[in-house]
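Listed below are the structures to be examined.
Look at the two complexes coming up: chain A is in both, with chain B in one and chain C in the other.
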Partner chain A sequence: MTSTGSIGRRLTLLLAGVAALLSVLSWWMVTGLARQAAERTQDNVLAASVTTIAETLRSEQGEVRLELPYSAFSMLGAISEDRVFYRVAKGATVLTGYEDLPVPTASLPSGGRVVFDTGQYSGEEIRMATVSRLVLSGTEPVPVTVTVAQTRGGIASISADLSQQAAYLAIAFFLVAVSLSAFAARTSLKPLNEIAAAVSRRGPSDLRPLRRSAPTELAPLMMSLNRLMERLGQSIRSAEDFIAEAAHRIRTPLATVRAQAEIALRSAEDDEQKQRLRQMIRAIDESSRSAGQLLDHATVIYRTDDLVRTPVLLSDLVGKTVAGLEPTAAMKDIRLSVEMVRAKVEVDPVLMDNALRNVLDNAIKYSPSETTVTIAASEQGGEVRIAIKDQGDGLGDGPTEMLTQRFQRGTNTQGIVGSGLGLTIAKDVLVAHGGRLELESLQGGKGTCATLVLPSS
Partner chain B sequence: MRYLLVEDNLELAEAVVGRLALDGHAVDHAASLADAEDCLSAAQYDLILLDVMLPDGDGRDFLARSRSHLETPVIVLTARSQVSDRVGALDQGADDYITKPFDFSELEARCRAVLRRRGGEARNEIHLGDAVFDPLSGTLKHGSESIDLRNREIRLLEVFARHKGQILSKSQLMDRLFSYDAEVTENAIEVYVGRLRRRIDGMGVSIETVRGLGYRMETGDA
Partner chain C sequence: MRHTCFAILLICLSTFVSALEVEDHRLFPGTGGQTLKVISTADLEVFEPYLKAFQSQHPSLSIDYTVVSSSELHRAITGGAVFDLALSSAMDLQFQLANDGFAQSHQSEATVALPDWARWRDLIFAFTAEPAVVVLSTERFQGLELPTTRQELINVLREYPERFDGAVGTYDVRDSGLGYLFATQEARSTDAYWRLSEVMGRLNPQLYCCSGQMIDDVADGRLSLAYNVLGSYAAERLARNSEGRVQILGMQDFTNVILRTAIIPTTAQEKDAAGDLIDMLVRLGQRDAPEDWPLPPLGQSGRDTLAGFGPIRLGPALMVYLDPLNRRTFLAEWENALEQRQ
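And then the complex of A and B:
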């Protein structure tokens, strides 16, 4: 499974990105507006100042006169500590003030309208307000321009202050937005996580459709999930049917052949013929056993994936299996001796019966006639042990681990029908239950002890 | 004994009927559940051999349905995987089950075990000299004395008892006593015959050796 990253993280990152963008934008706008507001204030004061000066202009005996009112400059001082410059000129002649102030040279509208301009003076940026008035000079009215300028250092520091505060606000907004995004992402993903939890809480064999309310966005996912589970259930059922059908198809004709062979053997006169028929029956037994155990093995494999545990009394479990094999043992006059303890195990009874039967069947098969097979149960150290001892020839020389591998048979099994799957099945079942199968030859090479070990419940 | 065999595969049914007849059993065959119902309403059986997959239904459903009014013990014949079938069949009231293809001596052993568990009546008693032999329970009664025989002794005695006065070869006896998967020598037969002779000693019945041919059971009244 490849992971393409967490949806929650992606959602959070996306929302945080948007928040960052919005924060920068709002900071930029607040800064701009603050600067504009400061500039407008300066402009208004400059305009008032310049108008005040312009109003003092008058004509006196053909000469232009003016008084520089103190208030015109003090009001500028009120807004900042910035330096103030002024210039009053009649046409191109400077009457008073800073001569080199870079006033706009373009023609100015008369009639008292204030014109603003920005420029450089003595190495600083300045804002200038200029107004022009017609004043009688001699007999001719001449335009007199009054300019008041102020450096913008104060404004810049005010804007910087405001901009810094706006930045703090923007950062605060960004942080709040990020945590809200994370919260929103988590909240909107909650139903998804709940569905995932509901699915993983289920037992492996629970293939019922999911019935829980979910947001509309998740409905398609739920539907596909339910459809998948339905298909899975169908394929498990069809596998079961297939195994049953395969077994039926193989075993029924074998049963016919075997019965006919027995009939033929009864009526056969010739010893050689009888020998051939016996061999035939053995071959049938061998193939039917193999077919049966292959199918059992297939069933066991898929059932162990899907273990259904039920608490059962050990004595019930063992008792049933032993009762089922009693007639088989009786045919060889083998006594089955059972020693039980009171213990409970949590197992799949069908699988455990199969495991137990395979081991017990082995013990009976490899035992000489008129002997005893002991089935002794014990419980110690959190384990339930079912030891099955026979009085046969033991396990032979090969390594015992080999015997539980598929199609491996012991070194001394000549002449006995077997498929080499019985112990594999038993081991697989026990391992699926968290247990194990122990095999050992008894001391002196007389007999085998196979122990089925299960965790006790 | 009288068997009812419920099996839809005709070839298998014919073979089973033929094979059981060799042991002196009477077998009626029903090819479907409906046939089986007819047979059961018309006759008394000692045992029912019931296939699981039948054309008109599942044998186990039939079992569940008829268990309440059916006295006859049932052995289910299954051809399916043992893992899923076994427990189901027994839970639904079968007395035992056997997997196809089956060894007839195993079937016999299972029938015997079921009938003994059910406490079947001794209607198959055989008189041998002064003794009475019940092959079902495996007891041999002589006067007040009752002897329990081992399984192979029962089978050996039953063969002799059903063929009184006939010569039975060692090889014939071998097939009755041992399963086909074991290598058995004819000496083993001598051991069992010897043992059986000691069991029936003084009961007015004997097993004679017919040199080169086999054995023959002789009873005083034969």
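And then the complex of A and C:
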């Protein structure tokens, strides 16, 4: 499986990117608005100041008179520590103030409308407000312009202050947004994780469809997952059916053939014929056994994929298998001696019976007549050991690991019916239960000990 | 070429400086070659302790101290005279110098510690706050109740014209920048000012250029009272040698408090030394204890003010009365009130 990065991280990064963009944008906007507001405030105060001065303009005995009101300048001093310049001119003649103030030269609207302009004076940027008014001079009304100017240091420092605060706010906003995005990403991915957890929590044979509410986006995934499980369940069921069917189809005709061969054997008079029939029966037995073991093996493979553990008492498990093989042992006058301990194991009883039966069957098969096969159970170190000892010829010379491979038989098994699957089945079952199969020849080459090791529950 | 220009400039400047109406001048020689040129409105005897204290910290520095009137100081700085430090009690003129770009900025721990009202744009720094007071002669006021408000003062002047005729002194606001500042601020703040001026005008008032002379005349008995005298001078002189002949009265209805301020002119050549002196003055201005200095600190006089908003505000409004048109109007009115018999 190749990973293409986490959706959560991608989502978080994307949201954080958007947040960063919005933060910068908001900072920029606030800074701009703050500057605008500060400028407007200055303009308003300048306008008020210039209007206050213009209101004192009057004509006295044909002369233009004015009086700078104290408030006109004190209001300018109230908003910032900025330098103040002013100029009052009658036409082109400067009546008072700073003569070289760069006032706007274009014709000014009368009627008390204040005109604003920005310029340079005395080495600093200034904002000017100018108003023009007609005043009687002699007999003619002449336009008198009043200009009040102020440097813009206050605006700059106010804007810088606000801009800095806006920057702090934007950073805080960004940090909050990032943590919220991480939270949002995690929350929106929660259903997906929940579904994954629910699927992995399931038992191996649990192929029921997932029945849980899922967000719309995940519904198709759930649906395909459910459909897949349904198909899987069906194919497992048909495989099981096939195994059962095959067992039935092979075993039943073989049993018929064997019965017929037995009848023929009984009615045969010719020794040679009898001998042939006996060989036939033996071959049929071998085939039947092989078919049985093959099907056992297939069952083991299917069931170990799909292990269902049930707690059982060790004595029950062993006792049942031993009882099943008692007749086979009796035929060879072999005594089965059982030594039990009280222990409980969690296993699939069908599989364990299979494993035990195959090992025990082996022991009986390779034992000479009138001997004893010992089945001894013990529990130590978290393990349950079932040791099965016979008094046969041992395992021969080959490596013992080979014996548990499919269709491999020992070097000293000539003349004994066997498929080479018995120990493979036993080993597979034990490994599936987390245990193992230990094989060793007993000292002196007399007998074999096969031990089934299981973890105790 | 540049040297020639510089030389010509120096010659021009020296001729200009020599054209100054200098009231007093002294050089405090130091051990080194540097000279700090200070132009000030404060009398030498008042300011000498400060200069001595500063020189004890900077022994190598010579200090050239020139005393001029406040309007003369303003004229000198706007004319481009070379000084490293300008100290004046005429706040309006000092403010105008700063506003019009004749001052350069200075920032230090000491100046930053100043309250907002005591500095403007790191260009102008206040180091004393001094109230305007009435100084009166104990002998001439014998048997009279001492006035505490302008109205009471008006009443006293009206009731006993014989005692006060020709014996009332005040600033000639046409000459004195500080007098003009006191008068305009008072006229703005209280209606009683013009009534008082009318009453004084009928009493044939004596007009003075400076506080010092007024106080001397009160002490000598030539004047019954001097109106609008800078409190610090009065207190300083009283402390020295009045023996109870002179009394100081603060008006309870309204008292003008001016800030004595310092600026470093753009022509300054010893900017660092000037900055150091400003720092020393500003630190002294912020002292809590009265201590033994001729001039009061910033805080003390501020607390003494019963009415009003404390010291006159440093701000562009100060320039309103400096406007030639406004000045002409104000002086015309003032002359009307005070020169009724001439």
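The definition used in the following text is that the second predicted complex is superposed on the first by the 317 of 457 C-alpha atoms of A that agree within 3 Å, B and C clash if a C-alpha of one lies under 4 Å from a C-alpha of the other, contacts with A are read in each partner's own complex, and residues count from 1 in each chain.
Please note the rule applied: a contact is a pair of C-beta atoms (placed from the backbone, for glycine too) under 8 Å apart; a residue touches a chain by one contact, two chains touch by 3 or more.
Since the structure is predicted, the reported quantities are computational estimates derived from the model, not experimental observations.
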Broader residue contact with chain A after superposition on the shared chain, chain B or chain C: B
First (chain B), second (chain C), both or neither touched by A:E81: second
Which superposed partner A:L265 touches (first chain B, second chain C, both, neither): first
Chain B versus chain C as contact partner of A:L295, first or second or both or neither: first
Which of chain B and chain C A:Y70 touches, first, second, both or neither: second
Which superposed partner A:S224 touches (first chain B, second chain C, both, neither): neither
On chain A, the residue positions that both chain B and chain C contact, one per complex: none
Interface residues, chain B side, partner chain A - complex: 9, 11-12, 15-16, 18-19, 22, 53, 79-87, 90, 96, 99-106, 109-110, 112-113, 150-152, 171-172, 175, 179-183
For the chain A and chain C complex, residues of the former touching the latter: 65-74, 76-78, 81, 83-85, 95-97, 122-123, 153
Residue ranges of chain C touching chain A (in the complex, touch as defined): 98-101, 120-121, 188, 313, 315-320, 323-326, 329
Parts of chain A lying in touch with chain B, wherever the complex brings them together: 240, 243-244, 247-248, 250-260, 262-263, 265-266, 271, 274, 278, 281-282, 284-285, 288, 292, 295-296, 298-300, 303, 320, 324, 326-328, 330-333, 349-351, 353-354, 357, 365, 369-370, 415-417
